[in-house]
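Should a chain be cited, it is by its letter among A, B, C and D, assigned in written order, with residues numbered from 1 in that chain.
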Amino acid sequence: MSHSHNRRMPKPTDPLGPDWALVRPTVESDSRFWIVVACLLAGVSLGVSAYVYQVRTGLGVTGMNRPVYWGMYIINFVFFIGISHAGTLISAILRLAGAEWRRAITRSAEVITVMVIVFGVGNVIFDLGRPDRLLYVLKHGRLQSPLLWDVCSISVYLCCSTIYLYLPLIPDIAILRDQTNKRKWLYRMLALGWQGTERQYERLEKAMGFMMVLVIPVAVSVHTVVSFVFAMTVQPMWHAAIFGPYFVVGAIFSGIAALIIAMAIIRWAYHLEGYLKNIHFDYLGQLLLVMTLLWFYFTFSEYLTTWYGGEPVQLTVWWAKINGEYSGYFWTMVVCCFIVPMAILSRSKTRTVAGTVVVSIFITIGMWLERFIIVIPTIANPRLPIDRGLYHPTWVEWSMLVGCFSFFILLYVLFTRFFPIVSIWEIQEGRMNAKQDMLDRIDAYKVESPEPEADSGALAAALPAGGGGRQ
Amino acid sequence: MARWGMVIDLNRCTACQGCVTACHEENNVPPSNPKLGAQSRSIRWINMMPVYEDEYPHTKMSVLPVMCQQCEHPPCIKVCPVGATFFSESEGIVGQVYSRCIGCRYCTNACPYTVRQFNWFPPDVPETYEQGINPDVSVRYKGVVEKCTFCNHRLMKARDAAAFEGRDLRPGEYVPACVETCPTDAMVFGDLADPDSEVSKLSRSSRASRLLEDLGTEPKVYYLRVGSGK
Amino acid sequence: MLNRRQFLLGLGSGAMLVGFGPVVGCSRDDERIASTLILEPTEAWANSICQLCPSACGLRVRLANGHPVTVTGNPLHPVNRGGLCARGAASLQLYYDPDRLAGPIRKVADAVGGWAPIGWDEGIAEVAVRLKRVIAGGPGRVAVIRGDGQDISSQLLGRLVRSAGSDWIVDSQTPADRAADETLRAMHGTEGRFVYDIANADFLLSIDSGLLESASATMTLHRGFADMRSSGGSFVHAGPRMGVTGSKADEWVPIRPSTVGTLALGIAHMLIKEGYEQTTFLSAKTKGYYDWTDQLGMHHDGVRSWLLREFSPRRVAEVTGVSLEQIIRTAREFGAAQRPLAIGPTEGPASAGLFDAMAVHTLNAVVGSIDVPGGVLLAGSNPLPILDGPVEPPPDAEGTVRADRRTLVERRTVEELATWVLEGRGPTIEVLFVHDADPVFSSTAGDKVAEALAKIPVVVSTSPVVTDTLQAANLVLPGSLWIERHCDASVADEHGRPVVSVSAAAAPRRADTRNIADVVIALAGQIGGGVAERFGWKSYDELVSAQSNALYSSGVGDTFAAAERSEWTQLLERSGWRSPAYDSVTRLEKQLHSTGGWWDSSHAHGEWRRLAPGGDHRIDLAAVRVPARPTLSPATAGSHDRGLLLYVTTEQTLSVRPGGSLPYLQDIASPLAEMGWTNTAELNPETAHHLDIEHGGRVLVSSEHGEVEARAVLSPAIRPDVVALHTGGGRVYGGRYDAGVGSKPLELLSGRLQDSGFALPRDPTLVRVKQTA
Amino acid sequence: MTSKKVAVMVFAMAFVAGAWTVSYAGASQATESEKELALTAEDAKRTTLTGEAERGWSLFRDKGCVSCHAVWGQGGVSGPDLGRTRTLKHTTAGQLAGVMWNHVPRMWERMEEGGMELTPISPEEMSHLFALLLFIRYADEPGDADSGKKVLNEHQCTQCHSVDEPGETVGPDLVEWARYVNPVVWAQKMWTHADAMKAAMDEAGIAWPEFRDSDLNDVVAYVRSRAASGEKEYLEPGSISRGKQVFEVRGCASCHTADDGEEGAPDLERIELPDTLSGIAARLWNHAPRMLEEIRRTGAPAQELQAQEMADVITFLIARRYFFAEGDAEAGGKVFLEKQCVRCHAIGESGGDVGPGFDAIAGNASPVLMAHAMWRFGQEMLGEMAKVGVPWPRFEGNEMADLIAFLNRETRGEK
């Protein structure tokens, strides 16, 4: 990541050339698009009507009962918040690490974050018995409650992510403003007078630098705090210190999977093979493999310690997961999150676009199941044997899940219609400076050089090996 | 600084469930119905909990009436995001503000005793029941959590009466409906802070124990196990 | 294809629909509830008497703005001393029952639902006219089926039937009650009611008693039990299923169903062998126990020899499925106790045979636990005249009719009535009253009863709620609930002391109902003649006044008072002193209403002429040999492949009486079997594993007589060769809370109409259990 | 609150205040204990006779006495059963107070062992308890059916009377009397038949049976066991005032008077009466022939007492002895010295000053006061006495009554 004066930066008025492909979706549309939107809207309205029905009738329309007081909404909440780590966290890490290959994928990741986080929060609201009293959380909020920690960290995360999405979007909006003639008023407003001057770039990079550093701890905190919602109680197999990092790892894991799926669709829908290349999927696949192992490590630790400790209340839940009424979910999760990813990702031959997408789909399902396995068996098997519950989601909950996914995809699709989903200026910038960067790197390797170039050299030395300019 | 507490003598308790219906009648718990029953959503402020030990033919079983244990350190209160459940420092009772509750059910999950109940639907109260509603207790609407309050409204009434007469509350003047109704006098209620009260003497009995004591919640409901001894 | 304009239009209308839908239809149910809350209500308390079971506990009803809102026990009432069981505490739900009858109705073929409203006067006149004609047609044509209620209206209906020259007074007793009755008649030669002085026993042996979960008179037994346990008494429970009773026991002895009598006599055998017989008691107070030689020099075997011959522990072990060692140990513990007491089935049709009741009584006799503290007592009788007696005994000098001169009257059963009607024996029964009972539902042969009812030209029901029996009636004259009328009850407390409760109406009437006692008096008046003569009162109120008079002139007892005052009264009465709280009838009446009633708190043990009035005042133990089976064969063994033994039990929360299935009770039906709102089949997990049945799964239980569906509940507290079902569900007609809830396992039992209902088949029914989809 | 109650309260308060000021003014050196002693003495005097046995019973329960002491088998077993006459010998309130003094240190020990606390008992409450104990005294313990059967056989009653057996007998079948639960009724019935019975018995050559104190009770129990229940006739608890009236109006007093040294009707205040009601009833029966003879001899009008009247008279007699038995002040003086009371307590100028002076008693000493004082100050006193080395006093026979008489004589004069 270089901030040197001698870097060349693209101007919004620079001719786009082949990069026009990145702008095309915002100006052209076909009936295929409207059909997709119509389908998604149908999904959305299914969800909305389910919700309206639920609000009017009561939460009894769900499959929740006594003692299974939390069900699909809380599962979805954790799941969506997990997905949201795709974006900002991954993009920030990659940006921070100066990974050149990030340029094409950061935006699509960040958009996932911002869009999906709304549904994470939304699911908590769906879960409320009294959504009309939502604002009590602000009015009468008690900081002792982990739920309020969630409220705080998620709202901070949403703000940061939105800003973090918006900042690198500004130069691209300016491109749209200057080079297209649609929605000019909107782009003019949003471009904030971006002209691509050096001063502007300097400020932008400063702001982005600040945000990317900020967003990492916030993102980590968000999922840690989400895990705290469970871990702070004394319930068996919830009350575990491992939950914080376990959730963060799981979040990144599912986030990457979601990102891969999103990228694949974008690449296919907008013919962006030139930008979202096989290599991206390969890299992300490798990252996913690492996360698979990490996830397995955490899962293994959690289950082994619980089993070995042998506390009866814990074991009741443990066996319910391993061998009881939830074993189906559990073993499917293991297959989806570990066996399939290992089988496909560990070999470079299968780490193709198709391979990673298949794995990602498995992981997404598996991670949803993991949330289920975390939430349900514990509350279905409380310490005192007053009730033993079983949980089966009803059509309302499934509809809401469909609604959430549809709405999320809809928002994502709409975003791609309004803004370039691949960062144009970053691609251009990388292209303009690729040669210079390579030279800088070569310089950095020169042992005899008495006085390396101050900025680029030091930074290049600090870069991790994988981040280099193989592109 | 009263510490209201209860001792349930399992030697005397016959699991007749008189306490359960008396509680429900007193506290306007809506009647359940076959649908709710099948969904395991009936609201019960007191539950009869069977605990099995050992295998047939040496099976041992005990049946305990379990209501809100009125913990001194209630896990449910910590987690409430809006302060809809609160701990009365002066009385030691865990209360619930129905009009504040947002229905997130965090407390129901945090409670290790699973005694908190949720209104999944609007109360299905036939119109004919309406005149029979106890005016001292509010009827809960759908979407809020409720639980045993040790018949807190009775305490307030008794305190008012005592204050009106310019005296302190007398022992036995305030008892919850379940204790009042218990046909075998298995439930004893009173101030645990008063070392001379019957409940506090019984709570020190060698037969006394509390549910899930190792969690450190310090419940104020004691159970005297079956057997001889004080 | 879709263009943008069309798309936006669709989107807009969709949004409108979604947005306004809820606003239009969403009613704020909070507001409806809020509007029912009244600030600063006026508060009042009134006494009443719970009549949901034969305990007849005293109630304190709390009224807010004149409407009852809560009930609790009357602290002065000696039966419950301020406590209430689940039924009593829920009883307001019957008062506010949304499906209660609004008033009298008559079956009309072309009316909506088959019923049409009718005025009270019209209804009474119709029955009166009919009765008049029937009575003129000859004797034995009027009948009544009554419940186990203890109030005057039941007695008056009996009196009406007797006045009409019929003795068809059928008390729909539980089989256990009937067996106890029969035991008392056969062994003691008297009528009355057994009372178990559990409180003073120090070793209680329950043989399938269902003491804590299925006893119909909850309060007396539970309170005694608690006192017994508190004072350190030991308790052993034998039964196929542990149940709540077993959970409170020091030891649970799993026995096969229907082997109660065998086990009791097996223990008696061991007691004799081990030298625990109370020989003084047995020789002085019983007969038929020892061998005897009659006047002709014939030698007769006594019960003792019979026991020693037939009930060797080895054979008993074989029959009951209890180990030899266990039988011997239990017998030793029982015999070694100071005040041992055995208690047999108190309710539950499962194995409540006559033999069982007699065998348990014999066991108590062997250890001399009859009419001693901590033993079996006989309920004392109150000084009130019996209104439905066959021939009224002449009043004595003071004008009161002594209750004790009750002669043995042939008891009739519902099943007998059904057989009589169906087979067309003797005079046809033309008018039948059904009061406080639901025999179509509660009888083991409900279908036969329904069939018989259909053949009776006029069936008058007094039920205030819809029941299966009501559906078979022609005319319904709904009686007021106790809480909304002047009411009474005559019972005995846990020590057999007579208690007469009286209470004014506690709450306003919610429907156009009347006190049945008043209805009967009006009927008698309209019939005129000899019938009217026997009803010398103008109204129920007047009758109650006459009762108060009788109480006053009896010169015994006192109105209810706090426990300490009652203890004082007892102390006084023991030495022959008495200072009642009243000194005139007027004050007595006032006191009756303010305290809740009258009782005679003194109880004297050892009054043998009362216990065994006939001949030499001895208990005839030889009677036990009559219902015993000639040979002891090992009971049919159940197993998962041959079929399981059916054990039908009763939950006291699920009453079989009309209006007994209140929603609060349905929800908590059994504390063990999680069986709110459904019927459950309790199975041992081992058995369930063999049969591939999961906890909570639906199962079909079938015998050769029928099949019922139930929810499987796996529990380690039941014998593996047994499946337990409970009664109380399976009503066809009823309100929203009971019609169609659960199922009726009685239909599985074999030989349902035989044995006159009280000595149910002792051969257990084998059933198959399988999981359905 | 009724105006009567208010008046009583005002009066009581005025009285207490007055007594307090008087005692305070009279003895400026008076200790707190003395003041209290003076007050309790006043209270005790006022309430002695108004105590009610029933209230005594509720106090007996509420104060926890019942957890150790039983009455006829009802209650705890760690203390003696107060209904068992054979274990507790005392016939007057003074003797009762003495017995209480004697056993109280042991009782405190027991209570301490049991972790029980000493509940305060006011003089008024003490008087109710005394009334209860009086009642228990005269009511007697329930009879024993088997002994009753023996009694009937021994005394050849069964020669003329059957018990629940059909057939003709000389006398009535006793079962007909089964409803009379109270032995007094039996005594009364027998009494009214005495003449006829005497004649019949003389004819049959049967000696007039002499019953022991408990016999009658046992007979009743036996006869009742042969009868059907439900038929019970009771008497109202005897009234002292009614009994006094009957005693005087019906002429009993004309023969049974004090000072009548002649042989014949004994002075009922002097002679040793049985402790129990059935005992007195038996005694009445036993001396029926002699009395009948005496009546015939003196020509006094024959008195037919109703059962209730007889109960009242007997109650009166017992109560009179119970409450009014006066002690001997001279002997009391000796007790005061012998029991070393004088070492701590002063009367007038003489005596120790460890404990409060007795002048405050002002002639109001009574058994109730003594019992109350012992209950109120006893534990403290026990401690002090241990320090000084004085043994806890034991009062035998009438010593307590004597001491009371002495105290009253000594303290009455000054004020």
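Convention: contacts are C-beta pairs under 8 Å (C-beta built on N, C-alpha and C of every residue); 3 or more make two chains touch, one makes a residue touch a chain.
Because the structure is a prediction, the values reported are computed rather than measured.
S.K.: Going by C-alpha centroids, which chain is farthest from chain A? Tell me that one.
M.R.: So the farthest one, by centre of C-alpha atoms, is D.
S.K.: Could you name the chain whose Cα mean is nearest to the mean of all protein Cα atoms here?
M.R.: B
S.K.: Please tell me the distance, in whole Å, between the geometric centres of chain B and chain C computed from their C-alpha atoms.
M.R.: Computed value for the inter-centroid distance: 31 Å.
S.K.: Can you check how far apart chain B and chain D are, centre to centre, with Cα atoms defining each centre and the answer in Å?
M.R.: About 51 Å separates the centre of chain B from that of chain D.
S.K.: Report, in whole Å, the distance between the mean C-alpha point of chain C and the mean C-alpha point of chain D.
M.R.: 49
S.K.: Report, in whole Å, the distance between the mean C-alpha point of chain A and the mean C-alpha point of chain D.
M.R.: The mean C-alpha positions of chain A and chain D differ by 95 Å.
S.K.: On chain B, where are the residues touching two or more other chains?
M.R.: Only 42, 50, 52, 122, 142 qualify.
S.K.: Note the residues in chain D that touch 2 or more other chains, in rising order.
M.R.: Chain D, residues with two or more chain partners: not present.
S.K.: Using the touch definition from the top, list the residues of chain A that touch chain B in their complex.
M.R.: Listed in rising order, the residues of chain A that touch chain B are 57-60, 64-67, 69-70, 124, 127-131, 133-134, 136-137, 139-142, 144-148, 151, 229, 232-235, 379, 382-387, 389.
S.K.: In their complex, what parts of chain B are in touch with chain C?
M.R.: Against chain C, the touching part of chain B is residues 9-18, 20-22, 24-26, 31-34, 37-38, 42, 44, 48, 50, 52, 54-57, 59, 61-63, 122-123, 125-135, 138-139, 141-142, 177, 180-186, 226, 228.
S.K.: Along chain B, where are the residues that touch chain A in the complex?
M.R.: 36, 39-42, 47, 49-52, 66, 75, 78-83, 100-106, 108-110, 112-115, 117-122, 142-145, 211-212, 215
S.K.: Which of the residues in chain C end up touching chain B in this complex?
M.R.: 29-30, 33, 36-39, 41, 64-65, 67-73, 80, 82-90, 92-93, 95-98, 100, 212-213, 218-219, 222-223, 225-226, 229-230, 232, 242, 244, 246-248, 252, 254, 510, 652-653, 662-668, 671-672, 676-678, 684, 686, 715-720, 736-737, 741
S.K.: Under the touch definition given earlier, write down the residues of chain C that touch chain D in their complex.
M.R.: The touching residues are 380-381, 383, 402-404, 555-556, 564-565, 567-568, 570-579, 602, 604, 606-610, 613.
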